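Each structure below is given as structure tokens.
Look for chain A in each of the two complexes below; its partner is chain B in the first and chain C in the second.
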Partner chain A sequence: MARPGRTNFHIWLLLPAFVFYTVFWIAPALIALLSSFTQWNGISLASIHWVGVANYLELFDDRWFWNALRNNLLFVAVVLSSIIILGMTYALILNAKPRGHSVFSTIFFIPIVLSSVVIGLLFTQMLSPTVGLVGPALAAVGIPGVEQYQWLGSKETALPMVMLVYIWRELGFAILLLLAGLQTIPNDYIEAARIDGASPWNITRHITLPLMRPVLTVVIVLVTTNAFLLFDLVIVMTNGGPFHGSEVLSVFMYSQAFLKGNPGYGTAIAMMLFVIILCVSGIQLALSGRGQKA
Partner chain B sequence: MFKSLPLLVRIFAYILLVALAASVVLPFLWMISTALKTTGEINQSPFSLPATPNFWVFVDAWVQGDFTKLYLNSLGITVVAVAGLLAFCSAAGYALAHFEFRAKEAVFIYFLAGMMIPPQVIMVPSFKLMATLGLINTYAAVILTYFAWVPFAIFFFRAYFSGIPKELAEAARVEGVSEWNIFIRIMLPLAKPAMATVGIVYFIWIFNDFMWPLIYLNDQSLRTVTLGMMAFQGSHAALMNLKVAALIIATGPPLVIFLIFRRQIQNGLIEGALKA
Partner chain C sequence: MSKFRSLRALTLAGVALLIAHGGAMAQTVTLNLWSELSAPPESTVLNKAVEMFNAANPGIVVKHTSFENTAYETALRTAFAGGTPPDIAEVNAGSNAFQYAQSGQLMDLTDFVKPIEEKLRPGLETMYQYDGKSYGVLWGLKVGNVLYYNPVMLKEQGIDPASLATWEGFMAASQKFLDAGITPIAFGDRDQWTGNHYFNHILHGILTKDEYDHIGLQTLDPSITSALKWSDPKAVHAWEVYKAVADAGYFTPGYLSDDNDTAAGLFFAGRAPFYSTGSWGVGMAKANGAQNVALTLFPPVADSPEPTAIVTNSLLFTIPTTTSDADAAKKFLEFLTSEPVQKLYVEENFDLSPYQYDSSGWTMDPMLRQIAGLLDNAQNASPFLDMIEDVKCMQENVNEANVAVLTGDLSPQEAGDMHQECVTDLRAERGW
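Moving on to the complex of A and B:
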């Protein structure tokens, strides 16, 4: 196989990607792991000292960590269930090709290309009291006292509003993937079932959904992972407030590491996030492995 | 197929479709109407249409928000980062697909491992690293970090090149074509569809990215569209109609590009998500 002059060519092909990836992705990840066991002021390297698991102990004692974790879990639970249920419903409807389905799907997919920052800013304006759209619109249909309501400035509604905007943003992507999955199901199966007299509901329940399992798994994992990593929308819409009311793990980490000057503590939070992502990926591997055997 | 459903189900389906479509379209209509209104009109009612539409608002917002600079900054960073990633990752994917060498599997798994490490995890050390290298407040910091974002692209290119028969390169080798020329002149032209897919997916990711510019670029003159938008919306000096006009300026170009390249973008995102 090996010919002269050929044996080393693959090294040159791999080298640039390998170097950038190692220096700017893997090395920082290892430093993150190590520095989660240290304390430093983030300025001079001389101030670093080893503190063992102290950061983690402090983390488990920090009510704001539990607050961020709780917010994050709540966020993932609400957003995931909504996106999957709505996404599947819309994908099934569009797959039945009602009149105008391509116009509808084009409109649904628009949010995919917009940045979450711009979307967050747009909804912040629409939710602003008096001059926005939401408060006055609700007031116009007869709900009293909402015109001046601070949707993003009140503890009860700040996180739910971020959830709504997030669902609005991600739903199109979920529909896109689920619809692509539905279109790979051979029509023969469905035709055969229909000739045998199966109802649309039974076809969906017993043929479509089982065949959709691999795609559904991918979408669930993608949505879960992205929702755990929620950052942009919160920074733009509420900055974690009011009074930590919408603070999630990434935002908590960012404020500890960059605004409060505790980079060591920040990386300990980052490691917790990493463990969560690993668990989600692990569950995916287990699920898809089982799916292949079945 | 849709017609075979009971009437009630069909009506309900249409209600759902129209509701979601309205939730996407209404914000855009609200933006256009609000941007064209005077501040007085905005304060009076959010539903009224502008009496005399003020189209100059877009020019004012463009100038006040310094959008020429913002778009040039964002496009510059994105184009360099995507071009670099396409070059390195197509090369690495080709090596992993067509060459036999020791520890090949291990190298591939090493490249994939990064998929499990989200940017948030490396945010703090990356900042320290760039500070040590003196790169904070330079485009190099952002671009180098994007250059490291290789796992998905390598995975994709490896799968693509695996579908190209090795005999093609062998034949060229017998003819005496150099390895370099085989890669540049035979393999890369064949990989154009993969380039398009990976390029589209990365372009959207990087152009819309917020986190890395946020921590690396504090200098006003370096701001990207996402950073500049956030600063502009937060400024108390700008009037509501200007802020909303700026939102239209930020959503317009991606929207037009989406409508033109809808098929390619959709397919790119589908392949990207379902294959990886």
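Moving on to the complex of A and C:
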């Protein structure tokens, strides 16, 4: 029984969100989990066979799973380090409000409002050896042998090109968050350090970065999670190719579930991806929390 | 009092009208039709056909819902899995339709289709017959193995278009262009289906109809076995020829990274003299406003057993077992195969009809008429391989293997061995 003066009104306010979350997230996730222990054709419920952990065991023997995982880890490592280093550098510069900083801010933020598919198509055309601008431009500045190079059709460059485009797209968002974080640091701290004779590097290292830790943690977790879930850019730019060269886990999952008619196996890959992201994010949060306590 | 009487009479009349209207409503059957034909001219033609049917059949209302191409398969699968498919469904003929048939989700239409078969071009049964039963009617017919060329560019190099009738002639012409500094074949396999089609046409030229049909259908139909194995030299030769074309430098430089639209754009812009795609290329040429476009049959590889054979593709209209009114749905399917609807399809869709109507009086693009001639002169017709092979073996061992052969990750023999292993495992897994 509710105590006098207290109502259950908050429960009614939360109920729509709870129902929505349950119906559209928790229930499908549970169905996907169950599906990962089955083999079926994705068409008829009568075709479902319970296979236990067979899909997961098969994953460990599947060289394309390891290939996709390796690509994913490489992608996350390169993208995360680039975005954090570049994002922090640009945020520090923009925070100092140099001349024209608002123009640069706008330029950095434009990719955020563009659709991934549009960005992917745009860069696919630019990188095309037949109709693109990149090859001829590089040749014009004296780089030999690249005028008709298949940037997206070569195993050596397909994934790095997707990384570059991804960094270009996500950098603005990271700068936005980091800049907001920088602007919350009280100016008094920096002024006091300056009066005490601290160099700009020491101010950054001993004042700015420690105070930025919570924002950096958010950025790192968001970038890592999004990078692990990368799908749209790969599908548009390389379709996972050539011959699995740029295939990441989400693309591998899609290929198995929808192109090769193995929805059970596909959901097992999705579950593995979920566990990997959960572990990586957990480790990041734990490390960040330990740093804060110290 | 008289006012009350009038009101009562009016109420009674209203009730009588409602009952009469309700009765009429009860007699009207509404059928939901789903298709992936969401873009003109295909969507326009189907919508017109639906309007014609509804006007001619007052008791039946067909409601057409179209989905964007890539979203359609997911929507349809989900609907079937959830037990709520439409009353009439359009599906890709062949293996795609057979998945639903295998699951017992489609009505057996064998008896209904029999009289329709009498007007069907021969050799197309493999597209809708599974395990001896028929599961739908074909809508439109596409010819796959067509080579488009730029006659002006050929003339500039002194190449006789007639020489393209053979593989040797095609390769010699390609070499002549390459020597002149022009990369001859516009090709982009980023999405893998284009490579699938190229390989398909080469393989189709090497094998006999029986060999070709059986090597694919053995993964779908337990009663069919194939004496020819994918690892046999004859099948492996198809990958060797495919790789040789790439290694010779005949494909445009973005052959692994460009998509089909980019490749088509190069051809229509006169930057490459050759481009292979199906009969739908006629519509693409019109849409691009391309002037210098001519066509011939995709050149059969040397010593081809059936050099005029055709590769075909079609859509199938099927009736799910859960349909609300099977007789009304059959009536609509029969209507789709009728002469006025097929004429509409051919005239407005730049495509052919699978039915043998006298089309001499129909308005057809000259290039389309030429393709109809290729079809009439063909020794036989077979569907695309991806329509007659299970997707479990097709995607990895044709679409992906083709790329691997071009990148050097797989040798042609390794591609053949891998494909055969998949087929053997699949048949063993199903106890065939």
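One rule holds in what follows: the second predicted complex is superposed on the first by the 262 of 294 C-alpha atoms of A that agree within 3 Å, B and C clash if a C-alpha of one lies under 4 Å from a C-alpha of the other, contacts with A are read in each partner's own complex, and residues count from 1 in each chain.
Here is the rule we use: a contact is a pair of C-beta atoms (placed from the backbone, for glycine too) under 8 Å apart; a residue touches a chain by one contact, two chains touch by 3 or more.
Quantities reported herein were computed from a predicted structural model and do not represent experimental measurements.
S.K.: Assess the superposed three-chain arrangement around chain A: do chain B and chain C clash, or do they fit?
M.R.: With chain A as the common anchor, chain B and chain C collide in the superposed model.
S.K.: Comparing chain B against chain C, which has contacts with more of the residues in chain A?
M.R.: After superposition, B is the partner touching more of chain A.
S.K.: Classify the contacts of A:K155 with the two partner chains as first (chain B alone), second (chain C alone), both, or neither.
M.R.: A:K155 contacts chain C only, not chain B.
S.K.: Classify the contacts of A:G261 with the two partner chains as first (chain B alone), second (chain C alone), both, or neither.
M.R.: So A:G261 only meets chain C here.
S.K.: Identify the partner contact of A:I143: answer first if only chain B is touched, second if only chain C is, both if each is, neither if none is.
M.R.: Neither partner.
S.K.: Identify the partner contact of A:T130: answer first if only chain B is touched, second if only chain C is, both if each is, neither if none is.
M.R.: both
S.K.: Should A:P242 be classified as contacting the first partner (chain B), the second (chain C), both, or neither?
M.R.: After superposing on A, A:P242 lies in contact with chain C but is clear of chain B.
S.K.: For A:A77, decide between first (touching chain B), second (touching chain C), both and neither.
M.R.: In the superposition, A:A77 contacts neither chain B nor chain C.
S.K.: Tell me which stretch of chain C runs into chain B once the two are superposed: 73-81, 325-333 or 415-423.
M.R.: Looking at 73-81, 325-333 or 415-423, the stretch of chain C that collides with chain B is 73-81.
S.K.: What residues on chain A does chain C touch that chain B touches too?
M.R.: Chain A residues touching both partners: 42, 124-125, 130-131, 258.
S.K.: Contact residues on chain B for chain A in the complex?
M.R.: 1-2, 4-5, 9-10, 13-14, 16-17, 20-21, 23-27, 30-31, 42-43, 45-47, 87-89, 91-92, 94-96, 99-101, 107, 111, 113-129, 144-145, 147-151, 154, 173, 179-180, 183, 204, 207-211, 214-215, 225-226, 229-230, 233, 240, 243-244, 247, 250-251, 254-255, 257-259, 262, 265-266, 269-270, 273-274
S.K.: Once bound in the complex, which stretches of chain A touch chain B?
M.R.: My answer: residues 1, 3, 5-6, 9-10, 12-14, 16-18, 20-21, 23-29, 31-32, 35, 42, 89-90, 93, 96-100, 104, 106-118, 121-126, 130-133, 136-137, 140, 168, 171-173, 176-177, 180-181, 200, 215, 218-219, 222, 225, 229, 231-232, 235-236, 249-250, 253-254, 257-258, 263, 266-267, 270-271, 273-274, 277-278, 281.
S.K.: Under the definition above, what is the set of chain A residues touching chain C in their complex?
M.R.: Going through chain A, the ones touching chain C are 41-47, 124-125, 127-131, 148, 150-155, 158, 238-239, 241-244, 255, 258-262.
S.K.: Under the definition above, what is the set of chain C residues touching chain A in their complex?
M.R.: 73-74, 77, 80-81, 83, 99-100, 102-105, 190-192, 252-259, 262, 265-266, 271, 390-392, 395-396, 400, 403-404, 406-407, 409-410
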